[in-house]
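Shared chain: chain A. Partners: chain B in the first complex, chain C in the second.
Our next item is the complex of A and B:
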């Protein structure tokens, strides 16, 4: 079973993403900010990271930049999700190392389609 | 073979005795522009005791690139807490730098007296991102009016993500008083699955909490 790390400071958002992904057969773990996500990601390799942008302690950009410095785990794809839809925000996300930038609120089919695409689970 | 000079790295040390020596405002402002981050940090700490320092610290914040000095300035502004200091912190909410925005939010959460007079303006800002950050500030703001501010947001704000952010917080702090506004929000954003999910969750938590 593929394992996804959902990183968001909002408990409701984490639960929403968890429900969507678990219903589709994925295993999900959570982190509440970039620091906790780094601690988890450097101990265990996940297949995909769903990363919020604005979080206390370490934001999504900071997490991805640091995460991508570790060559052994840089291959795992990351979806950045944010309330900010500007071109500048997206450019920052991709520069930090995101494979995809989605704007909240995400619809279940949208999250699942991109998850399957990035994980090679497309039928 | 080339001769390599043994160069001693140029390290500026801050003598503790120098720092505690009496220093006037002008001297500290000059030190705030030092190349040495340690000196700048000490200057910020000493300026925190001077009520006239807010505008100087706000000006420095705009181009300070050392994270520890920046954190010191943000905390100093929260400590000073006057109109200039709070306005300087609020201006960070409009920054393109996500780290600076988030640091400012965390500091403003700890300054309820300074935030209270301006929170309505922030919650009605033309920029939806600033309104979202204003809701984020309410998260830890110990103020009796937090629930009512959040209810006002979900009743009136036209932007789905501003409402969604307020909804996340109402899930934690909402009481029965929020129920009508929550039900109305679900109707207003009927095509957004996340809003429906969050409203149901908030209603469940409120009902469980009332029993």
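Our next item is the complex of A and C:
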């Protein structure tokens, strides 16, 4: 079973993502900010990261920048989820190490479709 | 209550409490940036969460709070006691809403006004402190009439991009301001609409008060090669100020295919023109803004008019100024809009009206977000999402070095993993090696270029979805038509089946025949559905049911036609089946006759129904023998005539639409019409008068007359009592025609035209003397209405002139000996069926034309079998019997 780490400070959003992803048969872990996400990601490697931008302590950009520095564990794709639709924010996300930049709110099918594509799973 | 909503409520309460605490702390330390950032984050997250549900009142207030806190955080608005009060009041309101949600599961109706007021109060705090920020003003975008299609509130983001000429835009803007709703309509006909008797183009042209219209390809449209001409791929777009009821009425049959949006007036305010230069400077803008602030609208208008006289009219700035004048005239109160438009002159970019209309909030997730994932939806969206992800990777790889910083191993690897995932997800795992190789190069060079190069080359193949032979894998990802599959209506399986090695299955022909009969029955039985639909509407008055039946009929009709097509394919065999006998036969006969013959066979792969091929075998052999025996000359005669010693015999088969054409051409001595004439006269086939005036072509055609044989000596080859008349009747038996052309000394061309298959007959139904009859479509040339004054009598016979040709007219009632006059229509015109009989056009007067249907023709048997005027009978969809006429015999 593939393992996904959902990183968001809002519990509601985490639950929302968890519901979608678990329905489709993925195993989901949660982290409430970038620091906690790093702690988890450096111990166990996940198959995909779903990262919020705006979080306390360490935001999504910070998490990805730091995470991508760890060469041995860091090849998993990351989806960055933000409320900002601007191209500048998007470029920042990509530069930090995101592989896809989505704007909230995200529809269930959308999240699932992208997850499957990035993980190479056939629907 | 579902768990997601519970989670939201409990988390939201924590946030509300947190916001309260932070605000208290801010009171004692009003400049603390960390506190403000934290406060913003709380409000921001809370707003984001509420957006997952359909609580517009809550989201509206939170959105305004978020904007306010954003302004505070960025220092655009200073913290104040009043601000804290407003925020706390807003949060209390949110708390009340949450209580209601917890208790009732939804928000009461009476909160909308409060929410709007609170939101406005919050926004006014933002704009109070900064003049240039436009006052939030509520432009309410009302929903349409209650029962209209696709009713929902929309946000500015969802408005279509309008590219209108300025005059049109001004006219529409005035309409909208004056209270006539302007609708944007998108009409997307169903792909299979043509099979339902719909005429999208006609419907599109009926839209009243059209200010602007357009037709575009819908996003499922495929390339020309794959285009299915029988499916509609258009989207029609209109802007109209017609009343909603009128539009509802117009599209009452296709409400589900209509997307209607009411366009707010400001959406039309979009300056256009040349942005390369502008004569407007900041002073002008500032002065005009000042006049506006002082409510001196006359002054503003005067200034602008002066400026307009100084500037070229095609400039973007001039267009914008003209719009300002329109705004001042029609919406003098809407300062915010006027100001925003003037401000836009600084940047020469269209004003973003959405900043004026924050109050319109849309949530794409519906009330109860129980997460159900519709797996079946994937195939359509998968390709699009695939492209999104792939393009994101390309974007990442093409980021300029300064923004992207150094290329960490992790980023390169993650891009490669993402790409591999995408290709795996669409079953293209074999791309993995190539991606891996590119990744290794990229890692070695520490540069994204190798990956980017690979991606670009992959993308050149993918986006067009073209299928080339070098790219067979694409065909399996995108199960669409391949190039050799332009035949319409064929299913994809046809080609995939053809691609694999052809396997043969031997089946008893009886089974195939039985299957064909059954399919034929079904083709006929499906005709009952339109009758049923008609009855549902006219007898039982259920129009919706009638529509559904018709829709279902369209589906069944297509399947049935495809089945019929397929079974025909099974029965098809190449004409080489007969042709292969000819080389040996021609050699034997020419030896015997002492002639030299060069035989050429063409089009042996042309296919036709097995029955037809079999029926054709004997006549063809007869024709070939005739040509060898009577057509081609002895070598010495040929040489004397200046021809090659060896005669040439060409047998050619080809397909022409739904018929097979077989030609037998020799370069022999041809047929001498005079000889034929005299023979025919001697045999009593024609009288003396005919002998005198018969044309050469008609004389040559006499070889098909019964009892005609020209050979002086009845050889054992061709003159076995089987004349050309037998050939003709054999060919006509399978609904074919036969013809001959000959030139003395040059040669003869005989041709047979045969239907591809004979299982189902297409007939036209006509009405005469209160009865209906069928007429086979293959002899119908056209249908016309002949005004009675254009009918002339020549020697008791009726004729008319049709496009310069005299056409004899016969009344069907007379032909059937019923002695009743044909009925003309109100305009005193006679329905006339022009048929081709024995190569001539003849008009048959009937009372009325009806539809054409596919039937299985059953020959008449027993006593009725002697009625030569009918070729058979068939059952119609409503169970009645249709007699099918045989005009060849009738006339």
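By definition in this document, the second predicted complex is superposed on the first by the 122 of 123 C-alpha atoms of A that agree within 3 Å, B and C clash if a C-alpha of one lies under 4 Å from a C-alpha of the other, contacts with A are read in each partner's own complex, and residues count from 1 in each chain.
In this section, a contact is a pair of C-beta atoms (placed from the backbone, for glycine too) under 8 Å apart; a residue touches a chain by one contact, two chains touch by 3 or more.
In this text, all values refer to a predicted model and were calculated from it rather than measured experimentally.
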In the superposition, chain B vs chain C on chain A residues touched: C
Contacts of A:114 with chain B and chain C, given as first, second, both or neither: second
Which superposed partner A:53 touches (first chain B, second chain C, both, neither): first
First (chain B), second (chain C), both or neither touched by A:84: first
First, second, both or neither for A:13, with chain B first and chain C second: both
Partner chain(s) touched by A:100 [first = chain B, second = chain C, both, neither]: second
Partner chain in contact with A:75 - chain B first, chain C second, else both or neither: second
Partner chain(s) touched by A:62 [first = chain B, second = chain C, both, neither]: first
Contacts of A:42 with chain B and chain C, given as first, second, both or neither: neither
Residues of chain A that lie at the interface with chain B and also at the interface with chain C: 10-13, 15-16, 19, 54-56, 83, 104-105, 107-108
Residues of chain A touching chain B in the complex: 10-13, 15-16, 19, 53-56, 59-62, 83-84, 88, 92, 104-108
Touching residues (chain side chain C, partner chain A) in the complex: 3-4, 7-8, 11-12, 38, 41, 44-45, 48-49, 51-52, 363-365, 369, 371-375, 377-379, 381-382, 385-386, 388-389, 392-393, 395-396, 399, 403-405, 408-411, 413-418, 420-427, 429
Interfacial residue positions of chain A with respect to chain C in the complex: 9-13, 15-16, 19-20, 23-24, 54-56, 67-71, 74-78, 83, 90-91, 94-95, 97-101, 104-105, 107-110, 112-114, 116-123
Contact footprint of chain A on chain B as seen in their complex: 96, 98-99, 101-102, 105-106, 128-129, 132-133, 136, 160-161, 164-165, 167-168, 171-172, 192-195, 197-198, 201-202
